[in-house]
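Below are structures written as structure tokens.
Both of the next two complexes hold subunit A, though its partner changes from subunit B to subunit C.
Moving on, here comes the complex of A and B:
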């Protein structure tokens, strides 16, 4: 009971406490009681070592865990000595076939095989060496270890007389299938996406980068959630300082639970007040692979398909994976289009408001007349009009995400027809505003990174007000402010606006236009990047020299092959 | 204590924007003279004068690659003399910035925000500059990097767009009245070369201070070309008489742009594009001023000074000039040229004299090259 006294020592003792404690002592050895807070309970679990008595071990486990229904305990006798043995596992975490296999081997096999002369620890060792060679095993010594093993899909064998348990890997958690991520779909390119399983995600990446130099470092974060978090990088390509920085920032996290990579993002990003994402997040293994090959570091979190990449720069947000798979002209065109669309999605409503209020002369006379005629009879000022429609659109979008699938079409009818059409007919909103807002909406969906689209949406509202209050000057003011801010931000020490500001000309080959792959001889210049050369020069495809000579001499024709 | 470094390329961009924005926005400075259709020749003359000014200012800055002008002027001229000269420079930074922000605000006000109070326009531009300076010179440089090409694009577009109304008759006859008017017109833009004083503060932050002079010269050359081209275009489009009598000739020219029936009257866009460049201008001047004050007052960080200086700057720019005509008067060659000579060239001649007396006697140039001047 020493450990309990030590733990309870800090608490003020009242007579009631003392009475309760006495009761506990009379009741036999109890390890916890309901007065302990969560951190104390955790400490107890860590301090409880397994004992040689199986009965006591089971009692400890039951007391710590509250004997949940999903904790399956199978009791049997094993070995020639008929030693009391139990096998513990958690339902849902294990593959039942594997568990049955183990049970059969331990129960039947231990009679037949020449094992089981010893008892306790020797018996476990014999199990391990002779019967369970195929499974990954490890020893557990405390209740905490035991439980960690159970929640990682292990089955734990305890036998009487042994103060340690034997954990065998029987992982069989059912995940969803690997599917194409719905937020980042492409026309051309692989269709697989990350899922909620840590090692599946790692495997998806390792399948693409098979070098042994793809290193994975694992951390367990969250005192209660005990989430597995991994740092993945290519050793020798990623800068050591960068890896060290990521490692340090990740391992510094002290929190109760990590439910999603967003938690980690909040903890490790450079500037908490940035509305732009400072860590790149994606569900696509091919994008992460591309980043790793540029010398970046990926942070994989268990239980979420979103993987973080650091450092990130602004142009990455507007690059879609297809850009790299399609022919360069198509890829470059689409990329330019996306830059343009991003500009529209941020600035267009603001500029429209500014032009209508302050700079009518910018519009051609006929166009101006049209707009003025359409605005005739609309009771709101143009700022309010645009603002209302934008809010309406945001509502529709948010509702569209939250809605049960079945009601989706109904809402789109309500949104498009009832609200949009009726608002115009009732003369509440002018048609040009609806055009502007829908154009903005369409443009904002071209941004390949969802989190960045959100930032653009927030900015748009600010620009509507600036444009309404101060015209184009206000837009310029806001734009410069955003630009100053973005050039000051860094992501893991790497300037956010690079390679535009600071200008890194050799990275321009992969900015708005994409160069041919045989032209991308150098990797992007990250801070402290190693081995800038990706491939040898001069791999431009050209007709085979031998064949050329043949053609010249007329000895063979190209089409013969 | 400065660990912030800017690349020489960024210096080129910054200097280019500083020089070209103000000369474009205040193109009347060229035509306040009497050169009329020969204004483009004045632009060439002023380019040469600016290069001389860069040699004067940059030459000394390169000799002290780790110190700002505020530090070495006190070393060269003693504490009192140095401090007086530093105040001259501070005045230049503040006055030029105040004048330029006033010009831009007037332009906006006349152009499209007639009901907005001037002080509001001025303070919002100053606020932008203050934010950028607070984030550091690296941020200003990076912003310049980001803005440079869009700025070039806007200028080129507005010049090309105006070509439709271009008439060579307007540029003739060449040199009908000899070189006199050409030189008199070149006085003010040449004197505006005192903007290169920022070199004295920026050189120590460069990655390769040795190459400061070629960088600055490149910037002067580029902006000189822009100036020459825009002068030719403005005079060619508007004619020498209107070109010299209007307040904002360049602005007036862009009003004439009509690329098609759908794209016309884009002067608002042009002014906004200038705003991008002029913002760099303000930020650099505020940075230099704040660095200067902090070094004179021996304050380690210049950032706390930004707020007070920005307020002072707004007050100055509102109260120095009654109206725009007052501003134009300030740029008259007989006012502005002596002003610039006294506050920039004279102090620098003094500094050079002190430097040469101190170091030339002891073995001349070789000696200096071998052993950098040690702090005393």
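Moving on, here comes the complex of A and C:
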């Protein structure tokens, strides 16, 4: 109940300042009391205001935070009145040069500040006036505020005699450089990718969309982690209902910590049981920019390079940024190839199993004989064979991701070459199965969105079972089920198979084929309905006829002369 | 049912998992339990005075296929035969092919059968039951190549073909390639034969295939030779390589062609009535527009040499006409030729000019017409309308057909007057205009 006393103390402080101070001193071990649980401690920290006594404030802070080593407290006297002042900051969060600057300015003692009682607040005002030139400042009144400021890279100045502190921005956290995301690399296209810094990520987007109408709304989620989450959209282009929906779903999250955007995805997606991702995630600023320009909403999370985009539709998963940058023919071809590869990666092992054990009359005679010959002497049924190889491949893939870089190649050699070859030589697996599995694996890597590759992998196993149990009939049945499911599922109220079901013919210009940019005159109908026209029509490049004619007549005149 | 998260997903998962353990799925056959039939052949046999169908099947041997470098799984595959000929008897064709499973260790699948052969004996007795089986049976396909075997059926099945592993592939390819390259056999797809069979006023004609006896010198005895040397027209290219006896490493003489596909078996209804030679068969192909490629050798004007003209395009149409109460048939044939070679002394080599063109074209057309006439004569002899003249009449004058011809077409056909109008331009002279000669 001691924390309750502390709360009471807070309430009475204004009236009976001294009494409260005394009480607090008596209950000095309030915050070192190990019986307080986390939520109680949080509540206490929120409720504690700073007092006018610097000593008390420091004591309070030390007791609440457990006086960690990375909390740097620099004590000095400043101003003519030699007022006791401290500067607090957290190691690693601040740029030491900026802090030094501030210290130098404060320590010079050249302030024309009043002396004596009441010097504290005035001194702070003076500081503030001076420091505004170099850094953003804000006032903090409670311990909680103070700590938030510290964890956001601010340095906090406390003066004796002032019940508020002055926080100045000295942000200097060291991030990795902006580099090309390794999961989504392109041949042609920008090479920058998001990093773990919230504002850097926002800046990467704002650098591409410089209109003031790119709006950012910030939320702090997670009672303990206090993660910054922002929703970003183009005001006036994104539908207000959509923005409201995203805003509402994000702000509804009540949890202790948000470590990655995956947490948010789980909280806000429409259907938690969908194996298809319902929010698009990417590390590439250009992809997010493209989405924003279509009227979608981005959700940026601090501490992760993965940005979520809502709503999402199925075709987005198979579109790579290259498609839009390369010439349309190769872009469209690659996109078609990707659809094909996706089909392979989901269906091929299942179809192989089904055809071999149920419908071998579908194969050409020579092919069947070859496969039958290769299968001769293999002790497993085809289903088990394919299943084993698929599992082996998944193991290799997972091991490849987890392994330290240096061992990776070794494992892939042992796994792929030695194991695969030995399995064939020992007659445990037939070579066609190895071909099928490798083909499937290669095809599954062509899907530009990794999270979707996972969905394809899970589906693949289901189709192997269906093919093994019911033949092509089972695969057809399963395929139909998946299709029905996909056409019924929605992402933020928008249909998942958007331009196909419901069919929106004008959006087909950017589905399996891509139209020229001068032909993309309208925005996607469902998302960009607020202003459907993207650009004026008739921008196809063509020889300028008027110009040519002028030239001709000019020549004619020349000849006349 | 589709409510996600309900029992549906769980049930599906359980269902899928269980399916892994159900090894006895309906129709689930692992490939190692199956043997693929590649070729089916039917003969007629007798047992205790009862007519028995004898079915031959050529089964592919998977152990042989894997005996190569593809792996050690086959185990001793090198000594295995690529295929196995197996036979069984039954009172009906289906019983016969079902009886084939006696003595085989695997279930026979017929879906990959590539060729269907009939013995002459069965063909003369009637092949309708087999044709019917091929349409009725789930696995048998009417796209197989089919032919009637002249001579011993089993000998043909046991023949080794130099370029092919499997006799079935060999028969299949022999029939196809002969049809494409020389057109001296009729179109031999079973489906087309069934169409011929079911049409009124048309008779079936099947390719003839024959195993050639192998002599030490590799000089096969075939009808091809006898039938064509007199005319000096074709068939030379077939044996060109075998004229000289060459010896291979083992000191054995290389075999000559093990089989030939030439000519046709003519049917009336489902019963074979006689053979046709290669020329007569090609005459039938001219009339029915099924000719694909071939060569005609004509004499040069002045009788001083020969010219080979390759047939490259052909179009023909049967036109029935009523002339004074009598039905006559006109067959329009347009064939395009390409001059391919000249057998003449260099000094006398002809130079292209209009009159020569005209002359050659006339001779070319005449040769075609003669071939058609010959074919017609033979067909009239056999009283089998293999050209489908009757069918053309039936299509154009159905009432006339129903009232006067339907029942007595065989007899009417033998008196039918047919006129062949041949137009045969020789449009191309190859890559050169004038032959190389001393200036």
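Going forward, the second predicted complex is superposed on the first by the 504 of 561 C-alpha atoms of A that agree within 3 Å, B and C clash if a C-alpha of one lies under 4 Å from a C-alpha of the other, contacts with A are read in each partner's own complex, and residues count from 1 in each chain.
Everything below uses one rule, namely that a contact is a pair of C-beta atoms (placed from the backbone, for glycine too) under 8 Å apart; a residue touches a chain by one contact, two chains touch by 3 or more.
Computed from a predicted structure; not experimentally measured.
Visitor: Would you sort A:274 into first (subunit B), second (subunit C), both or neither based on which partner it touches?
Guide: second
Visitor: Touch test for A:503: subunit B only (first), subunit C only (second), both, or neither?
Guide: first
Visitor: I'd like to know which partner A:476 touches here: subunit B for first, subunit C for second, both or neither.
Guide: first
Visitor: Could you look at A:487 and tell me whether it touches subunit B, subunit C, both or neither (first, second, both, neither)?
Guide: first
Visitor: With both complexes overlaid on chain A, does A:369 touch subunit B (first), subunit C (second), both or neither?
Guide: It touches subunit C, and subunit B stays clear.
Visitor: Touching A:357 in the superposition: subunit B (first), subunit C (second), both, neither?
Guide: Second partner only.
Visitor: Considering only the touch criterion stated at the top, classify A:431 as touching first (subunit B), second (subunit C), both, or neither.
Guide: second
Visitor: Going by the touch definition up top, name the partner, subunit B or subunit C, that contacts more of subunit A.
Guide: C
Visitor: Touching A:37, do we find subunit B (first), subunit C (second), both, or neither?
Guide: It touches nothing on subunit B or subunit C.
Visitor: Can you give me the overlap between the subunit B contact set and the subunit C contact set on subunit A?
Guide: 358, 361, 470-471, 481, 484, 488.
Visitor: Once bound in the complex, which stretches of subunit A touch subunit C?
Guide: 271-274, 356-358, 360-361, 365-366, 368-378, 381-384, 387, 424-425, 427, 430-431, 462, 465-466, 468-471, 481, 484-485, 488
Visitor: Under the stated contact criterion, what part of subunit A meets subunit B in this complex?
Guide: 358-359, 361-362, 364, 470-473, 475-477, 480-481, 483-484, 487-488, 495, 497, 500-503
Visitor: List the residues on subunit B that touch subunit A in their complex, please.
Guide: 7, 9-10, 108, 112-113, 116, 121, 124-125, 128, 131-132, 135-136, 139, 141-147, 261-262, 264-266, 268-269, 272, 275-276, 279
Visitor: Provide the residue numbers of subunit C that touch subunit A in the complex, in ascending order.
Guide: Those in contact with subunit A are residues 2, 4-5, 9, 12, 16-17, 19-20, 22-23, 25, 27-32, 34, 36, 38, 60, 62-66, 70-75, 109, 111-112, 114, 139, 169.
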